[in-house]
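You will see two complexes here that share chain A, one where it goes with chain B and one where it goes with chain C.
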Partner chain A sequence: MTVKVFENRKGFLFFTLLILAGPLVIKSNYIISVMILIAIYGVLSIGMEILMGQAGLFSLAHPTWFGLGAYISGILTVRNMFPPIVSILVAGIIVAIVAYIIGAPILRLKGFYLACATFAIIIIAQVAASQLTDLTGGPEGLVGVPALSVAGFKFKTDLQFYYLSWIFCLACYLFCSNLISSRMGRAIKSFHDSEVASGSVGINVPSYKLQVFVLTSAMASIVGGIFCFYLRFVVPESFGFLLLLELLMMTILGGLEDIRGALIGTISVLWLKEFLNNYLRKVFPSMSSGFDTIFFGILIIVVLIFMPRGLVGWMDRLRNLWEKQFHRTSGEI
Partner chain B sequence: MTLVSQTLQYAISGLTSGSIYAIVGICWSIVFLISGVLNFATGEFVMLGGMLTWYFAKSGLGLGMAAGLAIMCTCLVAILLERLVISPIKHGTEMMFMLVTIASASVIRGLVLISCGTETRAIKPIFEAKSVNVMGATIMPQAIFVMGVLGVVMLGLYIFLNYTLFGKALRASSINRTGAELFGINVSRFRLFCFGLAGGMGALAGVIITPISFTGYNIGLVASLKGLVVSIVGGWGIGGTVLSGLALGLLEGFVAGFVSTGWGDALSLGLMVVFLIVRTFDFKEIQRRFLIDDR
Partner chain C sequence: MNMENADNIAGTANFEFEVVNLSKCFSGIRAIDGISFKIKHEQVVSVIGPNGAGKTTLINLLSGALLPDSGKVFFSQRNVARFPAHKRVSLGICRTFQLEELFTSMTVLENAMVGCHLSGNSGILSAGFHFKKERKEEALIKSKAFHNLKLIGLEEKAFQRVSNLPLGERKLLGVVRALGTRPRLLMLDEPTGGLAAYEVVKFKELILSLLQNGLRILLVEHNVPFVMSISQRIIVLNYGRKIADGAPGVVKNNPEVIRAYLGDSDW
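Up next, the complex of A and B:
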């Protein structure tokens, strides 16, 4: 098996430079705010991608870990228990523990039963977030979250959040792509294909499942903390069914087989959404709210029927054509 | 109100919503048993039934006529869903079908949101009669009607599945799809029929529950999940589904009455998660281990 990181190193470096140098060239606040959201959702879809695409675990509870991370770090800071950056990390640890406790029994479920159970967790978490009014502020949301500050340095502008979120996102990407080509990653991929076979060659399937579940949920929760300090408030609606639909859209459009697909999918879905919103607000002012879900629903259906490998599949096909054309033996993205 | 009448009141409202859960659960099981598709659009059928009835009644049709038309339209939607979305996927996994139906549910919801708006809608009861007083509890005639419809649906399905050739073939193909195909049963047509049947029954549930609990563009998701809970706990059979539906309805009625209304949805879904987890335990293994330890 080839090691993906080395194969894609140039592509990754190029992408990193592009992201880091981008704000020096483009000074539009609008573009930067969308790019922050892309980095935040990017971490989530990388997690979904590893769970669904690599490990074959159909866990839909990802929005819940994101929301829990946001709520816990927000609450810890609002109540003055920890400084912001510590509370993000504490929230990550708490969510990892919660994910371990929930994941240990729930990952025994197979196939669509796992999907149903995790789907139920999303709804339960939503109900809890709007019912525990004393703790979370109820349906109106948690307000009064202070600015994020690290050792006296305050994150105030969008640009600072841009670098924070993208550095975290790229670090997650690098970590996860290394993880996939490591021993653990090979084990994960093997039980995607057959749990019995990989168990019979000595892979501890339940333990690896739990590890990857806890890892991705901790990632989601930390990025949830960043999201909370970026928006300065948290509402239950941001972690519900709609977020799940968007995440599914991102991972499926990008392609489930490759971790690059997660980032590509996130970038394309969020820009498509912005484009739709801006365009529709001008043309049909009345119907912008329902149109989003219709469009993304149809897009998921079309992508699943006609291009199950997603955008990455297309990219690879194009690259193969290119290589054939110019007789190159190996290529970069 | 005394405790007895209160209990009776909650039991009746619980049984009413339980009947609806049971019907929606049957819709899930029928589709799942024949085609292996977990149809997350089932709740949208319920929503469509109520919303379309409201829409047709608003545009001047009589209530019975509007309800019939709404049920037919929902059947059509379900059939279109199967033809346009489910059947083009060849060699699909359960997960793919699940994603596709989640996506189509959100498409249906978005279309209804655009055309009918976000307000909750109500329709008049189909039979107007005075409510009955039993031991201090008020029984709305619509509640009795809902339970009656559940009885009729169950009886109809029982006769259909056990005493007609078509129904027997349907049962055969749910037990063994390949075997049924070898005997010349056209399973793909059955799948279409099942989607239509589920659409019709879901819409019927929507029509009869709307006078009691109102409808809106967003009730579909919760209705779907309740149906899913019921059919998973009931073991995908009709009898089990009806029993667990009524039990869930009663439980929710009592919790909503005596504890709090907000936690009802979380309770039933939590029960489903616990049930699913308990299902995975191998009780014989545990028993054996403990017995050996004792000796």
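Up next, the complex of A and C:
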């Protein structure tokens, strides 16, 4: 166990250095902009991973918390109520409160019923965002969001957003991976296995469910705020069913059991999507947009059947093979 | 360790567990029908009865996995009948399960560590930021879990997956996990079900060794010789009602118990 944690730490450090040093080598604006999206969606899929993979809560409302964060921080800034950075934080707090109020009754539901109820939240939020024209700007979206500025420093270039979003993403990753290897993390995993047994050792299951739910929605909301200031506008379509599909794809392809899967899945899915949109469209010119959606729909099915542990499962298997090849023992599992 | 002993022995002095008129219906069927009993001095009290008599339902009601329709459960002068399960555990009522209900995605040690959940109180922030207090607590929980595993003799399997354990060891791990909560009353639900004869003997030794720490045990069991040899008192249920309550020797010769459960010896 100690060995594994150590290796994860090493891997995390290596990955962090790679991310921080990357822009020094790669100057392409295109790559940087995709990487920003990866960091933003990465926070969302870390949240989904904790909810579905660790706690076993099939909560699908994640796009809504992301969207609420973006809208609330956008609206607060556009109406000059708070400076941008404060409105991101205020949006985080508001969304946490909303998630608490909604989560307290809804988390009594289990499995499929929870999935249905949280899916309803997405639809309600979508309709509200396009109908409340005075507040949200309706289907055309919320425009006129000013640049993000913190104490006089203005975030203008993609490179600045790259560092902002990746630092937040890596911080969330570190926080969550600490969390799941702690006493609370074991409690969360335990009620995934057996709720009645968790109760029998003194774990307050409803309270832990609610804490995880609120934590992940606050994370999604804050990254939604960053997303809003990065694009400088917010439209309802960014937070709907398609985003949910992509998030599910990321967490499932990466591997639901392991938090590393969230980041690996996000990186693979977004780059695959870019590849499909850029190159395959040249090969099949008759296909218009939506090519990637078809592809990802099929991919979800294939991954679930043939690699239920996702890419992380493959990575671990490869490493085990490697270690066997060179007669290195990996210590305790 | 000395501290723990002192706690437990102090606990024995004012130990009082009382069930008053407990009832539970499942869609018209009275699974538990007005059961009352009191445990004060006995160390091992057993509940026996034919299949469907309501033994497991009784444990579910006493542990908080189910809430009763009516009736009271007093523990240390408090009515805990409507407390949620986790709150009863913090008061010292813990249980094991007939089908173990172990956390199968974890290792043996992790299962034992989840059992020690109440030994810590760090919240979400100190866990996420990995504060020093949390690290200390984690080390403490780990050593406690190891201690409990050693007590039962499972420490060599600490890093194995639960799914690799044979049935007997899974049952033992259920007890290890329950011991982590430092219970005063431990309810064992069919702990010897499916065990080989020599494993039953080992289990009996284990129970006797636990009693030295002042622990009280409520045992639900089908293995009559095992029950007779270990309990100071036996409660017999049939169709959700208590039909007999007393010392093993008395219960064994009760005609109603013989008719309902034990069977005629000259049958």
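A few notes on this one:
Heads up, the rule we're going with is that the second predicted complex is superposed on the first by the 318 of 333 C-alpha atoms of A that agree within 3 Å, B and C clash if a C-alpha of one lies under 4 Å from a C-alpha of the other, contacts with A are read in each partner's own complex, and residues count from 1 in each chain.
Quick note on the criterion: a contact is a pair of C-beta atoms (placed from the backbone, for glycine too) under 8 Å apart; a residue touches a chain by one contact, two chains touch by 3 or more.
Quick caveat, the model's predicted, so the values are computed rather than measured.
Applying the stated clash criterion after superposition on chain A shows that chain B and chain C can sit side by side.
Shared-chain residue A:Val143: touches no atom of chain B or chain C.
By the touch criterion defined above, A:Arg183 lies against chain C but remains apart from chain B after alignment on the C-alpha atoms of chain A. Looking at the shared chain after the overlay, A:Ile26 reaches neither chain B nor chain C.
More residues of chain A are touched by B (comparison of chain B with chain C). Look at A:Ile97: by the touch rule set out above, it reaches neither chain B nor chain C. Rounded in steps of 10, the angle chain B-chain A-chain C defined by Cα centres in the superposition reads 80°.
Of all Cα pairs spanning chain B and chain C in the superposition, the closest are 8 Å apart.
Of the residues of chain A, not a single one touches chain B in one of the two structures and chain C in the other.
The residues of chain B lying in touch with chain A in their complex are 38, 85, 88-89, 94-96, 98-100, 102-107, 109-111, 113-114, 221-222, 225, 228-229, 232, 260, 262-263, 265-266, 269-270, 272-273, 276-277, 280.
Interface residues of chain A, counted against chain B in their complex, comprise 58, 105-106, 108-109, 111-113, 115-117, 119-121, 123-124, 127-128, 130-131, 241, 245, 248, 252, 287, 289-294, 296-298, 300-301, 304-305, 308.
Interface residues of chain A facing chain C in the complex, by the touch rule stated above, are 1, 175-176, 178-179, 182-187, 189-190, 192-194, 196-205, 211, 215, 257, 332-333.
By the touch criterion given at the top, residues 63-65, 84-86, 89-90, 94-97, 101-107, 109-110, 113-115, 117-118, 120, 122-124, 127-130, 134, 137-138, 141, 159, 177-178, 180-181 of chain C touch chain A in their complex.
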